[in-house]
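The following pair of complexes shares a single chain, chain A, combined with chain B in the former and chain C in the latter.
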Partner chain A sequence: MIPTLGHLAVVIGLAATVYAAGAFILGGRSGDAAVLASARRAMYAAFALVAFACFAMVVSLLSHDFSVLYVARNNATTTPPFYSVISLWAALEGSILFWTLLASGWASLVLYRYRARLPALMPWVGATLALGTAFFFAVMAWPSDPFVRVTPIGLEGNGPNALLQNHPFMGLHPPLLYLGYTGMAIPFAFGMAALITRRTDEEWLAVVRRWTLVPWIFLTAGIVAGAWWSYAVLGWGGYWAWDPVENAALLPWLTATAFIHSSMVAERRGTLRTWTHALVIATFVLTLVGTFLTRSGVVNSVHAFTTSGIGAWFASAILVTLGVALALLVWRLPDLRDRRPPGAVVSRESAFVFNNVLFLGVTFAILFGTLYPVLVEATTGAKASVGAPWFNRVNAPIFVALLFLTGVGPALPWGGASWATVRERFAVPILSGVGVVVAAWALGVRDAAPLGIFGLATFVLVVMGDEVVRGAHSRARSRGETAPLAVLRLATRNRRRYGGYLAHVGICVMAVAIAVSATLGIDRTATLAEGETLSIGPYTLTYDKLVTEPLASDPRVIETRAELTLAGPQSGHMATALRDYPNSATAIATPVVRTALGEDLYVTLLGYNPDARTATLRIFINPLVMWIWTGGAIVAFGALFAIWPDRRRTAVAAAVAGA
Partner chain B sequence: MRTRWLRWLLVPLLVVPVGWLLFTGLGHDPRLIPSPLVGKPMPAFAGTTLAGGQFSSAELAGKPAIVNFWASYCIPSCVDEHPVLLDLAARHVGELQMVGVLVNDTTDGARAFLARYGQVSWPNLLNADGGVSIDYGVTGPPETFFVNSQGIVVARHVGPLTAAVVAEELAALGIEP
Partner chain C sequence: MTLARPVLPPLPPRGRRWGLLIGVAIVVAVIAYLAFSSVGNALVYYLTPTELLARGPAEVGKTERLGGLVKVGTISGEAPELTFVLTDGTTEISVHAATAPTRSFREGIGAVVEGELGADGVFEASQVIVKHDENYVAPSQGGLPTRAFDPGS
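Take a look at the complex of A and B:
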């Protein structure tokens, strides 16, 4: 009964979004407020309907209703309630259902917030969002129905994918990532509306900058949480493997980040306007391409997601979106000419142009590496793969150049800078960077990568610190404020600028942590007998015994764990395990990670001999890894600080509106 | 002025190659996963069967054979291919040998599966330590290997067998489908 209602909700939701799209277009042409209001309400209804469908799916999962194929495939009677609930997004059909929930949620939020504003743009924003949501409803109505029933009804289900039920992070990472993905439809919708209505001025940019940052924060948090999940679950000691799924998330993040920077130039200087539009289109298309690549089976040859005909649907949607958006852009090119001549070579806008060129370079390199296997197979029929070393070698220099620009951009004025300004702004930061490199060398760091990143990060941090000190100093002098108050006021009165700086600080922290963890770690593999001891770095690790028993939370899962005693800077008992899931041919590693501020001790069980009671352990000392996650959090917090509504300005605007 | 229309070329220039790439990618069957075993002799195996007897892969020599990896928890894929396997066994008695290998399954689970979806005439190896799955590089059930009468692996199929796949592979083994 409940699954049937869920399916019905999907079908009605499809009708509602199709109606909304039609009504928005009609209302946009006629300006009829009643028609537009009914279109908005249809979108709210679609959100309510898909929310109900998600509820129906969660109820089916929690009640282990194996008459629903999705439940039979992704749930078992022994699955713990938490993993039953999050199984909503553990496989293809459910994740599309969840995706539709978020997409229609974003659409409803934007349509509600701007119901009385931007009357020229909003009908077309609504039409674009409604068409996008309608596509996902249609996918659920035809090729990927989440509520397909099976007969005869099985007594037991397959259980969730073993990898996805091994860590609670699975409850956090996909929702964050999906919120980021689906939210990128908002800037795209505003971009389309601006092109359609020929209102390509600063109005849409001001709105869209904020509405790109909101999903961008989620995307950033989702990518970092995904890296963390991969680190904590997969047991190989790393956090980023340039896997197609990871690249799929990174690509729209890169173009969205480029947009955040180029839109500032477009808004302030009236240049780069075509380019900014192109980035909005690219970001949205890349979210679709990412979904397509990872869900259609084109790149990942794992059989889980391939059987549905969803690939052709996504390929068609990508082509239609790309074709229509490009045609619209080409049609409106005459409106998008630069308003001013481009600035001088040494100016903030040129730094932003270089930044965008580099972001685009990274995007193309990663896209090429990800699609190369598809390209080879399409032309020669052979299987090929592009490994992490290629991605590292190609992308590392570009990321280093981007880090350098992170420091250059904020210190240069708009328009152009004199040689004297350049010397004044950069002398101290460059000298500080060089000083830190020399100090690190003296302390024994010999690898080029960490040395270079230390120098660059110092340069960037000193540039920004100098900006803050300068601003706070003049404020303290002119208004008689104390230094901490001056810094606080400076930042909260200019959130956009200082939020951006804070995000750059987070990037520096991440860059240093990545460079150090990638080069200065220790990695050892050893086979030990019970009672044997191993020394690694400052730690002593004793392998006490091997224990095999069913997992308390899910007795179908058999866990074999090596119990260890640790001594050294950290001490105590810990265990690292391999878990045998009935639906997985390979055992799933459950690494143990001990984190201190400076480094992680990471132990994973590679294998064991049940007769000889030996255990083969791989032990990593990964320095600074936790600072990657911390840096990611700083980046997200900086962006949040930048878009936080300015209470003072809102109050003034309200007073003006009231008067 | 004369060159203004040229910018419209941008649209097909981007859309056509992207479309070509996406759709040719789709045309490839992702289940055709290459296996290093293809063209090589099948890895030998022996052990206890579900019926309680003993089975050795040496018994397969001289006739084309299929080795089918499955499990009772593999729903619905193994359920879907079960009738295909039953049909295959019924139609090629004497010219094709079949053996099932359980992947990480319990004896009770496998027996209940067969009782529910149809008893089979061919032996099913318990493969309790999972060694056979490892030797064949099985990623997950169901997976099927086609072996010719010389004991050489000629094909690997990942995912449930269908009548079409079976017909194609049997033809390659020299059996009238």
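Take a look at the complex of A and C:
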């Protein structure tokens, strides 16, 4: 009964979104307020309907209703309730359902907030969002129906994918990522509306900037949380492998980040306007490409591995979106002409241009590396894959150049900089950077990557620190404020600028942590007998015994763990395990990680011999890894700080509007 | 539609553009060089089981990469005594792996193994590389359903 209602909700939701799209277009042309209001209500209804469909799926999962194929494949009677609920997004059909929930949720939020504002733009924003949501409803109505039933009904289901039920992080990382992905439809909708109505002005830019940053924060958090999940669950000691799914999440993040930067130039200087528009389109199209790559099996396929029909649907959606958006853009090119001559080569806007070229360059490189095996297979028939070393070799220099620009951009004046300014602004930061490199060398760091990143990060941080000190100093002098108060006021009165600086601090922290953890770690594999002791770095590890027993939370899962005693900087007992899930032929690693500010001790059980009681352990000492997650959090917090509504400015705007 | 036409500004002078354009062109050229110069070497080619066997007995003892799906129900043992069957849908080859596989090795997943084909027809793998996690790919024949429950059959 409940699954049937869920299916019905999907079908009615499709009708509601199609109606909304039509009504928005008609209302946009005629300006009829009643038609537009009905279109908005249809979108709210679609959100309520898909929310009900998700509820129906969660109820089916929690009640282990194996008459639903999705439940039979992804749930078992012993699945703990938490993992039953998050199984909503653990496989293809459910994830599309959840995706539609978020997409229509974003659409409803935007339509509600702007119901009385931007009257010329909003009908077209609504039409674009309604069409996008309708597409996902259609995917659920035809090729990827989450409520397909089976007979005869089995007594037991297959259970969730073992990897996905091994860590509670699965409850956090996909929703964050999906919120970021689906939210990128909002700037695209505003972009289309602006091109249709020819209102590509600063007011539009301010709205789009804000609504790009909102999903961008989720996307950033989702990518970092995904890296963390990979580190904590997969037991390989690393956090980023350049595999297609990771790349798919990174691509729209890169173009959205490029947009956040270029939109500042477009807003302040009236240049790069076509480019900025193209980035909005590219970001949305890349979210579709990412979905296509990860859901259709194109990239992963070793052989004809996909039987799902959604590949063709997504490919068509990508082509139609790209075609329509580019045609609109070309048609409106005369409106997007630059309003001012471009800046000198050494100026803030040129720094932004180079920033954007680099972001686009890295986007193309990653897209190329991800798709190259597909191209090779299509043209020569040979099967191939591009490995992580290639991605590192190509992308590392680009990211280093971007880090350099992070320091250069904010300190250069708009328009052009004289040699004297350049010398005054950069002499101290460059000397500080060189000083840190020399100091690190003296302390024994010999690898080029960490040395270079130490120097660059110092350069960037000193440039920003100098900016803050200058601003605070002049504020403290002119208003008689104390230094800390002046810094706080300066930041809260210029949220965008100082939020951006904070995000850059986070990037520096991440860059240092990545460079150090990638080069200065220790990785050892050893087979130990019970009672044997191993020394690695400052730690002494004793393998006490092997224990095999069912898991308390799910007795179908058999855990074999090696119990260890640790002595050294962090002492105590710990255990690293392999878990046998009934629906997985190989055991799933459950690594143990001891995190400290300086380094992580990471132990994973590779294998064991139940007769000899030996355990093969892989032990990593990963320096600074927790600073990657911390840096990501700082980036997200900086962006949040930047878009946080400014009470004073809102009050002034309200007063102006009311007068 | 009656919409206000924005006032168009005059076109900017073109002189300043050149310096910037040259800078951008250099950056693009460097990135393109980085990407294209090394991708050929970075490619990891592999043969499917059908292709490997089609090459005949000359292949025995030569180091090759073999790619396919790990056939459901064929994994047994732990490294260094791990064995499983790789299939491309038509041909199957038994694999014996001496080292533990990377990451999320399990049945139904795509894997590339490096090693050599023995005279007994078993591929001796020195390395097992699991291709990306295929959580979101709909099952093909043999992928799902597994032992516990078999919907529709």
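In this text, the second predicted complex is superposed on the first by the 655 of 659 C-alpha atoms of A that agree within 3 Å, B and C clash if a C-alpha of one lies under 4 Å from a C-alpha of the other, contacts with A are read in each partner's own complex, and residues count from 1 in each chain.
Just so we're on the same page, contacts are C-beta pairs under 8 Å (C-beta built on N, C-alpha and C of every residue); 3 or more make two chains touch, one makes a residue touch a chain.
All of these numbers come straight from a predicted model, not from anything done at the bench.
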item	value
Room on chain A for both chain B and chain C (clash or fit)	clash
Touching partner for A:630 - first (chain B), second (chain C), both, neither	neither
Which of chain B and chain C A:375 touches, first, second, both or neither	first
Touching partner for A:157 - first (chain B), second (chain C), both, neither	both
First (chain B), second (chain C), both or neither touched by A:236	second
Touched partner set for A:73, first chain B, second chain C, both or neither	both
Which partner reaches more residues of chain A (counting touched residues only), chain B or chain C	C
First (chain B), second (chain C), both or neither touched by A:540	neither
Touched partner set for A:519, first chain B, second chain C, both or neither	neither
Touching partner for A:326 - first (chain B), second (chain C), both, neither	first
Touching partner for A:338 - first (chain B), second (chain C), both, neither	second
Part of chain C, among the options 5-13, 23-31, 77-85 or 131-139, whose backbone runs into chain B after overlay	77-85
Those residues of chain A which chain B touches in one complex and chain C touches in the other	69, 72-73, 76, 150, 154, 156-159, 297, 299-303, 306-307, 383, 582-585
Chain A residues touching chain C - in the complex, by the definition given at the top	29, 66, 69, 72-73, 76, 90-92, 95, 120, 150, 154, 156-159, 161-164, 197-198, 200-201, 234-236, 241, 243-245, 270, 294-295, 297, 299-308, 334-335, 337-345, 350, 353-354, 357-358, 361-362, 364-365, 368-369, 372-373, 376, 382-387, 389-390, 393-394, 397-398, 401, 582-586, 588, 606-608, 616
Footprint of chain B on chain A - complex, ascending	69, 72-73, 76, 150, 154, 156-159, 292, 296-303, 306-307, 311-312, 315, 318-319, 322-323, 326-327, 330, 333, 371, 374-375, 377-378, 383, 580, 582-585
Touching residues on chain C, where the partner in the complex is chain A	1, 3, 5-6, 8-9, 11-13, 16-17, 19-20, 23-24, 27-28, 30-31, 34-35, 38-39, 41-48, 67-69, 72-73, 75, 78-79, 88-89, 100-107, 110, 112, 131-140, 143-152
Chain B - residues contacting chain A, complex	7-8, 10-11, 14-15, 18-26, 28, 30-31, 33-34, 71, 73-76, 79, 103-106, 130, 133, 138-141, 158-159
